[in-house]
Amino acid sequence: MVLTKSQKVMEVFENHESQVRSYSRSFPTVFERAKGYKMWDTEGKEYIDFFAGAGALNYGHNNDKMKEKLIEYIQDDGIAHSLDMGTTVRKEFLERFNEVILKPRNMDYKVMFPGPTGTNTVESALKIARKVTGRQNIISFTNGFHGMTLGALSVTGNSYNRGGAGVPLNNTTSMPFDTFLEEGQSLNFLKKYLADASSGLDLPAAMILETVQGEGGINPASFEWLREIERLCRNYDILLIVDDVQAGCGRTGTFFSFEPAGVKPDIVCLSKSIGGYGLPLALTLIKPQYDMFGPAEHNGTFRGNNLAILAATEALSYWETDEFAKSVQEKSKLITKRMETIVEEYPQLKATTRGRGFMQGIVCGEGKEDYADKICAKAFEKGLIIETSGPEGEVVKFLGSLIIDEKGIQQGFDILEEAIEDVVKN
Amino acid sequence: MVLTKSQKVMEVFENHESQVRSYSRSFPTVFERAKGYKMWDTEGKEYIDFFAGAGALNYGHNNDKMKEKLIEYIQDDGIAHSLDMGTTVRKEFLERFNEVILKPRNMDYKVMFPGPTGTNTVESALKIARKVTGRQNIISFTNGFHGMTLGALSVTGNSYNRGGAGVPLNNTTSMPFDTFLEEGQSLNFLKKYLADASSGLDLPAAMILETVQGEGGINPASFEWLREIERLCRNYDILLIVDDVQAGCGRTGTFFSFEPAGVKPDIVCLSKSIGGYGLPLALTLIKPQYDMFGPAEHNGTFRGNNLAILAATEALSYWETDEFAKSVQEKSKLITKRMETIVEEYPQLKATTRGRGFMQGIVCGEGKEDYADKICAKAFEKGLIIETSGPEGEVVKFLGSLIIDEKGIQQGFDILEEAIEDVVKN
Amino acid sequence: MVLTKSQKVMEVFENHESQVRSYSRSFPTVFERAKGYKMWDTEGKEYIDFFAGAGALNYGHNNDKMKEKLIEYIQDDGIAHSLDMGTTVRKEFLERFNEVILKPRNMDYKVMFPGPTGTNTVESALKIARKVTGRQNIISFTNGFHGMTLGALSVTGNSYNRGGAGVPLNNTTSMPFDTFLEEGQSLNFLKKYLADASSGLDLPAAMILETVQGEGGINPASFEWLREIERLCRNYDILLIVDDVQAGCGRTGTFFSFEPAGVKPDIVCLSKSIGGYGLPLALTLIKPQYDMFGPAEHNGTFRGNNLAILAATEALSYWETDEFAKSVQEKSKLITKRMETIVEEYPQLKATTRGRGFMQGIVCGEGKEDYADKICAKAFEKGLIIETSGPEGEVVKFLGSLIIDEKGIQQGFDILEEAIEDVVKN
Amino acid sequence: MVLTKSQKVMEVFENHESQVRSYSRSFPTVFERAKGYKMWDTEGKEYIDFFAGAGALNYGHNNDKMKEKLIEYIQDDGIAHSLDMGTTVRKEFLERFNEVILKPRNMDYKVMFPGPTGTNTVESALKIARKVTGRQNIISFTNGFHGMTLGALSVTGNSYNRGGAGVPLNNTTSMPFDTFLEEGQSLNFLKKYLADASSGLDLPAAMILETVQGEGGINPASFEWLREIERLCRNYDILLIVDDVQAGCGRTGTFFSFEPAGVKPDIVCLSKSIGGYGLPLALTLIKPQYDMFGPAEHNGTFRGNNLAILAATEALSYWETDEFAKSVQEKSKLITKRMETIVEEYPQLKATTRGRGFMQGIVCGEGKEDYADKICAKAFEKGLIIETSGPEGEVVKFLGSLIIDEKGIQQGFDILEEAIEDVVKN
C-alpha cells in the first residue's frame, strides 16, 4: 500500500510523540494552512471547520486585522515576552477591555493575567476564593470540565481524566448540574445539602460552573437555575465563579455567557478565544473587593504573552457595537434548525438537540451513543471537522467560528447529513 | 509633581490589574521595544537585560531569524492554533528535536506537549510518574520551585506561594537539597529515610528536582549528588524527574543542565526558552517505557501553539554544533569573575557567589539579606534589569540571555557595581 | 443559695474536666448507682432511663447474670487484659458468637477485635474495604454518624463534629440517605452518579450506612432501599458496610438491624451493646473472602478487654431462642403507640414519629425544633433520662434498654407527657 | 500427632478470628489466669511476663487492692457505663488525679476523657492543637508510633501500618527523632527546616513525640533534645504534645516520662496503664488556655468506663509518696546490668542496649536483626513472655510490670539468657 504524504507524516507523530496525543488520531491528517472557517492539509484538501480549536478560534483562523497588527508589531521588535511587566500592549488591552466590555455592562472587575491557559485561570480562581473566605471546599457540578492541573482537575467530573491524577482529588463536592436531574430536582438537592447541618457537605468557598457545559455534553443551564445558584451563593456567602473559558467571548451570542441570565459572578475565568488569534492567553476577572492576592502570590512565566494580548485587543473591536452579537444570535437559529431537521430525519439516532448559540449538539440517544463517533469520523473523511463530547461521547458538537457565514454553515451541515446517511445505512 | 509618561501609564495597571501583579512593581516603567539583550521603555530609556524574561529568553529578545520565520508563517496563513492535531510545524519540530537534541546525546524520549507553561509540564510529569508506579507520594527538595497550579505547587518549597493554595498541599515530601545542609548530610539524610521502614516516608513515585535551583536562590547541585540521587532512584524503583524549565535550553552551558553530571532522568520538564522567542511552550520528555498515558488523559487547548513551535524549531539551530554551548561556557567565566570581584570589593555585603553558567548569583550574607533588593532597585534606576531570588530574596541573580556579548556583560556589571556602591554608601 | 450535694460535686467537673464534657451539662447531677432501667444519683433521686448509655446498655444496667460472671472471674484472677493473645474468654466468645448468632442466620464472617470503641471498628472497616478494592473513596450518607477519629469522622455528616477535625475530611462522598429526599429520589440520584462517567463521583471502595440513623435523627431506611443499595454495591463491586454499632444487638427487634431487609453486608461494625454490661468492646465482622488484613496491620492495646468479652458471651444467651427478640418487638408497639398519642395530643409540636423497634423518635416540626431540648430538660427534672438527636436536635429520642418492662415504658412516657405539658404551656 | 489442649483451642482463633490477629501467633497458647508478673495457660504452664500487656499493666496483673475495689463496686451496682455524665467515680478520679499527680508537680491541666484507647487520645490532641492554632500540619518523628485510626496513623512512622490506611496520610511531616541521626544533626535539621521560608515545611500546629519511643525500637530522647524541642515550639508558637501512652504512668521511673527533662508539654496523652487494672481508659491533658473544645466536639460512647476509672483512682495510691518511683528506678539498674552482661557475653548478636527505666531493649546489630525474633520465640517456649520492637523487629524489649521484684527480674533474664544461648548455638 502506498502511503499518502499525510499518512507518511503521521508516522512522525507515532514515533516521536507521546501516547497522550489525541486529535491527530481523530483527525488523521497534517494541516498546513487555515483561514476563517476553513483549513487545508498538506495535500491541499479543504475542510470546513465546525470545531474552531475547541472554541479558541471564535474569530476564525488567521483573522486579517489581527494578522496585520501582529506582523507590524513583530516587525517593529515590540516586546514579545514580558511576564507582568508594564508594556504598552498590556496597558492598551486593560483600557480597551474596560472600555469595550466591562463598562457598558456595568461590570467592575480587576483583571488578573494568570499563566496563559484555561486551567491556570481556574486554579487562580479557586485560590482567591479560598483565600477570601478562609474555607477549603469548592462545589463543582456533574459533567463540569475545568482543566487538567491538579486544582482544576479536582472540579472536573470526567472519571477518565480524574483517574489520571494518580492521587485523590479532594476538597471539592460535585453537585448535580441543572440538567443532570429532572426539572428542579438538582436545585432542591443542593438547597437541602446546604440547609441540613448534618448533610456532610462542608460549607464551600465557592461554586464553579459553566453556563453551558462544553466537554460535558453541551448542557445548557436554564437562566432561572443560574439565578437561583447566585441567590444561594449570596445567602451562604459563597463566591460564584463562572468558568467562561469555552462559553464566553461571544460563543453563546453575548460576550459573557451569563449576561442574559442577569447574574453577576464574583470571579470570571476567560481563556480560549480571549486571545483572538488562537494564541495562549487567559484572564481571571475578580470583583475588586475580593482582589486579595498578594504580589506574585500566583505567578507564571508566560503571563505576558504580548502577541496574544495584542490580538486580544484587536478582537475587542467586534464588541464595540452589538452588531456582531446579533449576527451570531441570528446564525444560531440556522444551526438549531439544521440540527432539528437531522433529528427528525434520522429517527434511528433517537437523537435530541440542545445548547445555546454557537454551542449546540445533537445527542445520540440511549443505545445509540457510539453513532456520534462514527458520524464525526465519516464527516472528517468528507471534509468536515467536528467533534463529539459528553460522558459517553454521545454528542455531535457544533463549535464553529462565530465569523462563519450562512453558506459555511449550510455546507458543513450538508456534509454532516451525508455522513449521518452513510453511518445510518451501515 | 508632574508625572512622566510612564508614570501616568502605570496608573492603568494600578486601576485595572489585580493586586497580584509584581514585576510592574519591581520595574516601574512601561516597556515598548526590545532587541537582543536590550529593552526600551516608552520614554526611550535603554536597559541592559540581565533577567531575560526569567530565563524564557535565552536567545535574546526578538531574534532576527525566528522573527523572519514568524512573519513569513503568519503572512502565509500558517496554522496558528491546532491543539494537538497534526501540523507541518509540529511534525518538523519533532523531527528536528530528535535529530539535533536527542540523538546526538544518545537520548530516547517520547515528546509530550502539555499546556504551554512550566507548571503544566510539571503537572503532567507528576501524573505519569504516579500512574507508572501506582504510588502517590513525590519527593521534592527544599527551595525547589516548580509552578503555581496545585500539583506543581505541592512540590514547591516557598511558603508564601504554598500559603496561596488555601488547602493543604499533600502527597509530597520535602527532602533537603544538596546545598541545604553541610557536605554530604543531605544525601545521608535521604538515604536514611528511604532505608528505615519506620521513617514515616511513604515510598515515592518520583523525585523531582532542578539541577540548579532558580527561584530558590541559584543553588547548584553537585554532579556527584545528582548521580547519587539517580542511583537511589534506581535502587528503589523511583522515577527521576528533572525540571529543566529554567536551567535547561543551554542556560548552564549545555542544552540539558544535567548533561555534565551524566544522569539520565526518566522524565524531563522543559518550558521557558524552549519556545525560542519567548512564546508559550512546554514539553514533557518521557522515556518510552514510561509513556503510559492514554489518549487525551492530560490535554489542554493551547498545546499546539504553532508560532511558538515554529520559533522553537528555528532555535534548535543554535545546537547543531557545539559552538554556541562553548561560547556560553566561555562567557560564564567572565560572569563569575565579575561577581567574585564584587564580593571582594564589597565586604560589607558579607557576600558569596554561586551558580553555574548563565545562572549565577551574589548571595548577600547573614544580616545583609535586604541589600539584594536595594541593589536591584538602584540598578534598575541606572538602566539594568536584574532580579533577586532565594527564600529571603537575598540573592542578586544574573539570568541574562545566552546571546549577550562580552560588552553587554561588562556594561551590565559596571552598572551593577555602581548600584552596589550607591547602596553600600547609604 | 445553698448548693445541694450534687451541685457541689458538679463543680469538680467544671474545675477539672475539659470544656468538651457534654452529658454532665444535659443531665446535671452525679449518678451513683444503677440497675436495669433505673439510675440513682448521690441524693438518692431515682431516674427512669430512656437513654441506656446511648444504646450501649441494651441489657440494662448491671445485669445480674453478667455481674455474677464478672465477679467470679475477677475473683479467680482471670486474665483482664490480653491484647489479642489467646485466652479462654476470647475463645469461648468466638465459639458462642458463631453458634448463637452467625450460624442460625446462615452468616459466615471472620471476627476482628479492633480497639474497643465504635469509631475503631469503623476505621478498621474502611481500611479493609480500601485494601480489598484498591480504591480510596467511600460513600457515606447524609446524617450518618460513625465516630470521631479522623477516618470515621470523614464519613460522618454532622458539620459541628466535622469542623472539629481542623483538617479537610477527604476521600469520601456524602450521598442522600433514603429519608433525605422524597420517595425514590435518593436512590435515583445515587444511581445516576454511579452511572454517569462524568458525575465527578470516584468509584468507591465501599458504602457505609446505618439502617436506622441514630445521631442523625432516628431515620429508618426502608428495607427496599437497603436491598437496592446492596444491589448497586454488587453491580459496581462496591463493598457494603453496615455500621450496626447503635442499631445492632437487638435494638430494632432483631440481632442485626438489617435482618428483616434480607441484605448481607460484606462488613458489619458492632460495638456499644455487644459488650453486654456497658464495658468497652467492638467487633468488625468481615466476609472470609475479604479478610485480607496482614497480622497486626490494624492493632491496639485494648483489643483484649476480657471482662467485656466475658459479659458479651453471657449476653448472647438472650439470643439462644427468639423469645427475647419477640418481646422487644412486642414492646416496640407500645412505644409507637405512646409516641403517636403524644403527637396527636400536642399539635403545638407539629410533630411526627419515626424509627424502628427500640429506636423511635418524636420529631418536633418546622419552627418547633427547639421544643425537643426543652422537653428533655424538663423530663430530666421530673426523673426521666432522655436525649435529643437530629441535625437541629429536633428529635426526642427513645433509646431505652431492651429489658425494660411495660410498666417502665408507661412510667417513662407518663413523665415525658408531663414534661411536654409543662413546656407547651409556657 | 496428638494436639495439646491449647493447640486445639488455637484452632478456634484460626477458624473464627480475622487474619489480623497477631499475639496469638507470637505466643501460641491460651492464657487463663494471671497475677502480678505471672501468667498461666490452660495447661497450667507458668510464664514470667516481661511484656505487661504492651505496657498497659504497669501495676501487674489483677492487683489485689484494685481487684477488691472493683468487686465491691460491681457488687453494689455502681454505675458501670456513664458516657461523660457525672458519677462519683469520675468525680473522685478527677480530684485524686489533681491532688496526687498534677499539684505536686506544679502542673495545671484540664482533663479530657476521650474514647478509652491510646489512638483516641492522640486524635483528640491533634484536633485541639489544630483548632487552637488554626494550622493543619503536625510534625511527628521518625519511628514514632501513635495509633491506628486515621489521624493517629498519619503521625506514625511504620510503613506497614501506614500502608494499611489505603489512602494517603497527609497533613503531617515526619522529622528526625533525636536518635535517628548522629549527635545533634536531627535538631539542626529541624531548626533549618523551620527557619528557611522555602523549605517546604508548612508551619505546624503541633509537634507530637514520645520521650522514649516504644514500638519504634526503645529509642530514648536525650533530655537536652527534649528541652530544645520545647524551645523551638515556644519560638514558633507550636504546641508540644507528649504521647505518654506507653512511657508514662511510671514506666521510665517517674509518673510522666518528661519530668526529668523539665519540659512542660501543652498536651499530654495518657492511656495503657492509666487504667491501673488493664481496663480501657485514656486521658488527654490540656493546658487550660488551650482547652478550646466545644461541648461534645469530640465524643464517644465509652468515655465513662467507670470500672477502669475506679481502678485508675486506686492506682494513684502508688504515687502518693516517691517510694514507688524510687523502687522502679532502683530495679531499672538491675535490668540495665543484666542487659549489658548479655551484650558482652553474646558478641555474636553485635548487640547494644538502650532505653530508660522499665523500657529497655537489647538491639541486635546489623545483619543480626532476625535474632531478636528467634530469641523471643525460644524464650516463650521456656516460659518468658517478651516481645520485639523496632523498624526491623531487631530489638528484644523489656517492658515488665513495675511491681516485679528482683527475683522475678532475675528469673526472667535467666530464661532470656538460656534462650539466647540456644539461638546463638544454632
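A, B, C and D are the chain letters, set down in written order, and residue numbers restart from 1 in every chain.
The definition used in the following text is that a contact is a pair of C-beta atoms (placed from the backbone, for glycine too) under 8 Å apart; a residue touches a chain by one contact, two chains touch by 3 or more.
Going by UniProt, the chains are A, B, C, D = Diaminobutyrate--2-oxoglutarate transaminase.
What you see is a predicted model; the values in this text were computed from it and never measured.
Chain pairs C-D and B-C differ in how many C-beta pairs they share in contact, with the greater number at C-D.
Taking each chain's centre as the mean of its C-alpha atoms, the one that lies farthest from the centre of chain A is D. Between the Cα centres of chain B and chain C there is a gap of 58 Å. Centre-to-centre separation of chain A and chain C, using mean CA positions: 49 Å. Chain D has its Cα centroid 30 Å from the Cα centroid of chain C. Chain contacts: chain D has residues 136, 160, 167-168, 170-171 touching two or more partner chains. Contact residues of chain C toward chain B in the complex are 167-168. In the complex of the two chains, the chain B residues touching chain D come out as 136-137, 140-145, 156-160, 162, 168-174, 176, 180-181, 185, 188-189, 192-193, 196-203, 216-217, 390-392. Taken in their complex, chain D has these residues touching chain C: 6, 9-10, 12-13, 16-25, 27-35, 39, 42, 53-57, 61-62, 67, 70-71, 74-88, 90-91, 94-95, 97-98, 110-120, 123-124, 126-127, 129-131, 136, 147-152, 154, 160-161, 163-167, 170-171, 205, 245, 271-272, 277-280, 284, 286, 291-302, 305, 307.
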